[in-house]
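One chain, subunit A, links the two complexes that follow: it is found with subunit B in the first and with subunit C in the second.
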Partner chain A sequence: MAKESMMTGCRAAAEGAKAAEVEVICSYPIRPYTAIMMELAKMVADGELNAEFIHGEGEHAQVSVVLGASAAGARAYTGSSGVGVTYAMELYSPMAGGRYPVQMTIADRTLDPPGDFGSEHTDAMSTRDQGWLLGWACSPQEVYDNTLMSYRIGEDHRVMLPQMVCQDGYFISHIPDKVILGEMSQVKEFLPPYRPIHPLSLTNPVSHGPQIRPDQGAPMDAMRAQTFLAIPKVIEEATADFARIFGRKYDPFVEQYKLADAEIAFFIMGAHSNTARAAVDRLRKEGVKVGMARLRWVRPWPTHQLAEALGHVKAVGVVETSTSYGGAMRGGNLVHELRASLYDLDTRPLVTSFMGGLGGETIWPADFNYMAGILSGMVKEKRTDRYVYWLGM
Partner chain B sequence: MPAFDYKFQQLERLKSFKSVPEDEQYLPGHRTCAGCGPALNYRLVAKAAGKDTIFIGPTGCMYVANASYLCTPYAVSWIHAQITNAGAVASGIEAAFKIAMRKGRHTGPFPNIIVMAGDGGSVDIGLQAMSGMMYRGHKVLFICYDNESYANTGIQVSPMTPYGAATTFTPPGKEIPEGNALFPKNAPQLVIGGHPAVKYVATTTIAHPLDLMNKVRKALSKPGPTFLHILCPCPKGWLFDEKMTPDMAKLAVETGMWSMYEWEDGVYKYTNVPKKYKPVGDYMKPQGRFAHLKPEHIAKMQAFVDEKIKQVQRPIPVAAAVPTKQLA
Partner chain C sequence: MAKALPSYGTIVVPEDRVVPFGAVTPAPVGTQKLFQTSNWRVVRPIRDEEKCTKCLQCYLACPDACWIYKADGETLEWVGDFCKGCQVCIQACPEDGALVAVPELDFEGGVVRLEKPF
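Presenting the complex of A and B:
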């Protein structure tokens, strides 16, 4: 029987990296992800993990170091939060386009200005066009599991892409919860060693990244886009294999909670989904036919899976913990792609969005009652009055 | 944890041109300008380092002009880096080979990991990454091929551009008659002054090919970070006849505009010190980038060089911040 212990999301991420036997780690401190690197530093110093632990001079350097390490054939790991994530922005496209499957662990933090240690998803969300795999956990257990699954998916030769494994700062990163770690035999069965394609080598000389003409660019972009068509299958295979080996079953793309007969639904990502689940249970007892769809992957976005999961619902409330100033709905990020996912349905659900948890604030059970009331009103009136509600203001 | 045994090959000192290997690791077919100083340098460096080499090429002339149209002239492995991060990418490559050796996955010699960075990629936008690499003690040779401008983007001022040089960001005009009013950073001093793990720093030029190749080999023989500052004249940026590239480098040394030295274990060793320095005007007159200067500007340059020369004539041994011999 696998041993269960209490640990924070930060500790769980480090345990996942250790289980994956990462070889080159590049650190730099920024709250709230720093503890992940502190845990790994101790593991390396104590001889529990055979890895090069490199003190990067900043987040831009961190991503650069692991790019070089991956190009030379090592399984590489780094991470950040908040403005650290955006400081490294230059490197995300080179990493993804170079097909270096490094993993970057993110404990979300609100972007400046000004300094705010609380969690928002905007930091990692603002990198979503750069070509990485990108997904969110909602518990320390899922952080550990996603760490292993993401390496498995990212290093698959049908994929070969870097992955961002995200967790809400503080709520997941710093609050302990029950986690079962895998046995080494399970990890070895699930996650094969990294097999780089054309690494920098002394025996087989290769060039990585020569300059190109504009007409050589479009085919490369198309190849990268094509890869994303193949990824959902790899995600499904890996998630099913994970369930078989570790005994923990995840819906590959969307956690569907009491959604099958729901008339209204919350569409949500990350930590606040835990409050949402409890709210769904409570509202159901009061006779409200409500459900929750929790997004696990932002890239690749599960377009068809969302249409299938939410198509029958009459009104969807997108709970946004990120901002998209001036965006089409003048609110957050998720609502645009959710509406796009539902656009081709013969009967489309009504959609609105709720800005919540911004700045690292709590989304309260009462907020979910409020949201459910709005959604029920929309169903009754058969229209959307507003597209963005700011909770608690 | 004991010091890592790099198990790298020791490359022999080249006693004369007869012992220079014939093999080319930097092949014809690149698209550099006629008379390109950095390209001449690349050929010499690659020859000296040999086949067990991995180059890191941050964006700049030695990226764009060498790697145009999805081709490269390197017979050894090479990777593009951003202009911002060559030191960091090189650090990651070095770390990957260390862990591969510890795990037994790589049994060959430790590669010669060489950064080929322009002046901008070394001491301007690339400074942070270079400094981080030097601080952490990675076994990487960082070469600054100095053509004294951001040449690839069409000749803009860099922190290595000499006082009085015209560039497209420092054009001379009524308000700013000298064009560039700033004096350059001192790249080797930046490295020597603050990084206890650095093993060897040297300056040279493409007009001294045997010296250049031997300094490359000496740097590669050290078990830690090393830095070479190499003067690579640029006919396009400096506006001189493309046949005169080595002559410009020679004149730089003869006028004191460029000093040749090594710094090893805290000790400076100067070479090619002219018995009598030529006036800086001899160096500046053949270059169109200085054509707009008045006598008072030339005098200012002469005063700057005179101060620099004093340091050469009275060599003061400067102790390393931490005695380098004691570091593993």
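Presenting the complex of A and C:
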């Protein structure tokens, strides 16, 4: 029986990559994700992991290296944080367009405004429309689990897309928590070897990344969009299979915490959901009918599942940990897509949003109490007074 | 129960427009026929056999390898499928009038006359 040990999210990500027996790793330092590469470098040096470990000259090089490795047929792994994620921006679309199922692990860090290094989701959220799978963990255990699940989903021949496996910097990446690592027999049963479709080959030469004509661009885009219609089923299958083999059960798309009879709810993703859960428990003791919906995948966005999970609630507060300056609600990103997901319901919840956890700030239990107060007020007044509240401002 | 929510619909890519998965193709030998990229050409270079000295400046200058030189018969062949009409070869040609830009409209099969790209 696998035993529980204490480890950080960084260590858990590295353990996930090791269990997946990644073959090519490309690193470049930027905190807080650096510790993942530090752990992997040790594993390779100690002979625990047989992988080619390449140090790139920057994040653009990192993602280029793993693109080539994936094209050659290797299971490839890289990662970054903050402005490192955005420095590699050019590569994200060709990676998805060329259908290379590499994995990029992200320990979120705020983008430079200038030089802050705290956690914030804006780094990976900036890549959300590049055609990658994009999901968030809320514990080191989930980081390990998502690493394996994302490889399985991304490498499925119905999908063949790169994946970003995100965790909040520091809150998850650097605070140790209990993690149960899988047995190799479990991992082997869950995650088959990577089977590239048209790898680069000396005996069967192929051409990758050609110039296509403008009239071929639209069908290529449509084919990628088609793939995203097929992904939810693959996610459901993989999540169910994961529960069967490893015994840990996740809702494929949205964790629903005490939502069944909730009148108000927090909609959140990542580390701060742990505080949200505790705040829900405390508020319930005071008689507030509150629940929480935690998003596990931003891409593909689970439109119908969210409508199902939150449709009956009277007011929803989106807890944002990313910025969308000048966006429709003048706050973060999640609120736009949540409001759009609820729009077609006969009766829909009132929705507002709260900007919190920016630049590495903690969202405190008292903040959740404050948010619950606003949401209860909205229910009472039967109207949304403001699109967005900046916590503490 | 509330009314059904809209669906994502289905996306049907017409068979004749399907692009190879990830745009990966068998490696071309000589010429890639699957992704011909010359349909935005408005002029093409026309070579005057009399004035051409076979100095091969055009062959060296072309960014898309659209001039093919065959040493045995000393022939120069133009590859219309990939020439974008950039005229770099014409600029590089040292012989007055050996290479000139002629509008695509002047040719019956000129790419600007095509209803569909290829």
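The rule is simple: the second predicted complex is superposed on the first by the 393 of 393 C-alpha atoms of A that agree within 3 Å, B and C clash if a C-alpha of one lies under 4 Å from a C-alpha of the other, contacts with A are read in each partner's own complex, and residues count from 1 in each chain.
What we mean here is this: a contact is a pair of C-beta atoms (placed from the backbone, for glycine too) under 8 Å apart; a residue touches a chain by one contact, two chains touch by 3 or more.
The model shown is predicted, which means the values in this text are computed figures rather than measured ones.
Participant: After the match on subunit A, would you call subunit B and subunit C a fit or a clash?
Facilitator: Partners clash after overlay.
Participant: Look at A:229 in the shared chain and tell me whether it touches subunit B only, subunit C only, both, or neither; answer first, second, both or neither.
Facilitator: In the superposed model, A:229 contacts subunit C only, not subunit B.
Participant: Check whether A:219 is in contact with subunit B, with subunit C, with both or with neither, and answer first, second, both or neither.
Facilitator: second
Participant: Counting only touches as set out at the top, which of subunit B and subunit C does A:295 meet: first, second, both, neither?
Facilitator: In the superposition, A:295 contacts neither subunit B nor subunit C.
Participant: Touch test for A:24: subunit B only (first), subunit C only (second), both, or neither?
Facilitator: A:24 sits against subunit B, while subunit C stays out of touch.
Participant: Touching A:208 in the superposition: subunit B (first), subunit C (second), both, neither?
Facilitator: both
Participant: Once the structures are superposed on A, label A:191 by its partner contacts, choosing first (subunit B), second (subunit C), both or neither.
Facilitator: In the superposition, A:191 contacts neither subunit B nor subunit C.
Participant: Could you look at A:311 and tell me whether it touches subunit B, subunit C, both or neither (first, second, both, neither)?
Facilitator: Only subunit C is touched by A:311; subunit B is not.
Participant: For the superposed three-chain model, which listed region of subunit B (187-195, 205-213 or 241-249) is the one that clashes with subunit C?
Facilitator: 241-249
Participant: Residue overlap on subunit A between the subunit B contact set and the subunit C contact set?
Facilitator: Common to the two interfaces on subunit A: residues 205-213, 216.
Participant: Mind pulling up the subunit C residues that touch subunit A in the complex?
Facilitator: Listed in rising order, the residues are 2-3, 5-6, 8, 10-11, 13-14, 17-19, 21-28, 32, 34-37, 39-40, 116-118.
Participant: Would you pull the subunit A residues touching subunit B in the complex into a rising list?
Facilitator: On the subunit A side, the touching residues are 23-24, 26, 50-52, 54-58, 60-61, 64-74, 76, 90-91, 94, 200-203, 205-213, 216.
Participant: Report the residues of subunit A in contact with subunit C in the complex, numbered from low to high.
Facilitator: Result: residues 97-100, 160, 197-198, 204-216, 218-220, 222-223, 225-226, 229, 303-304, 307, 311, 344-347 of subunit A touch subunit C.
Participant: Considering only the defined contacts, which subunit B positions touch subunit A in the complex?
Facilitator: 51-54, 56, 63-64, 67-72, 74-82, 84-85, 88-93, 95-100, 102-103, 105, 108-109, 111, 128-129, 131-132, 135-136
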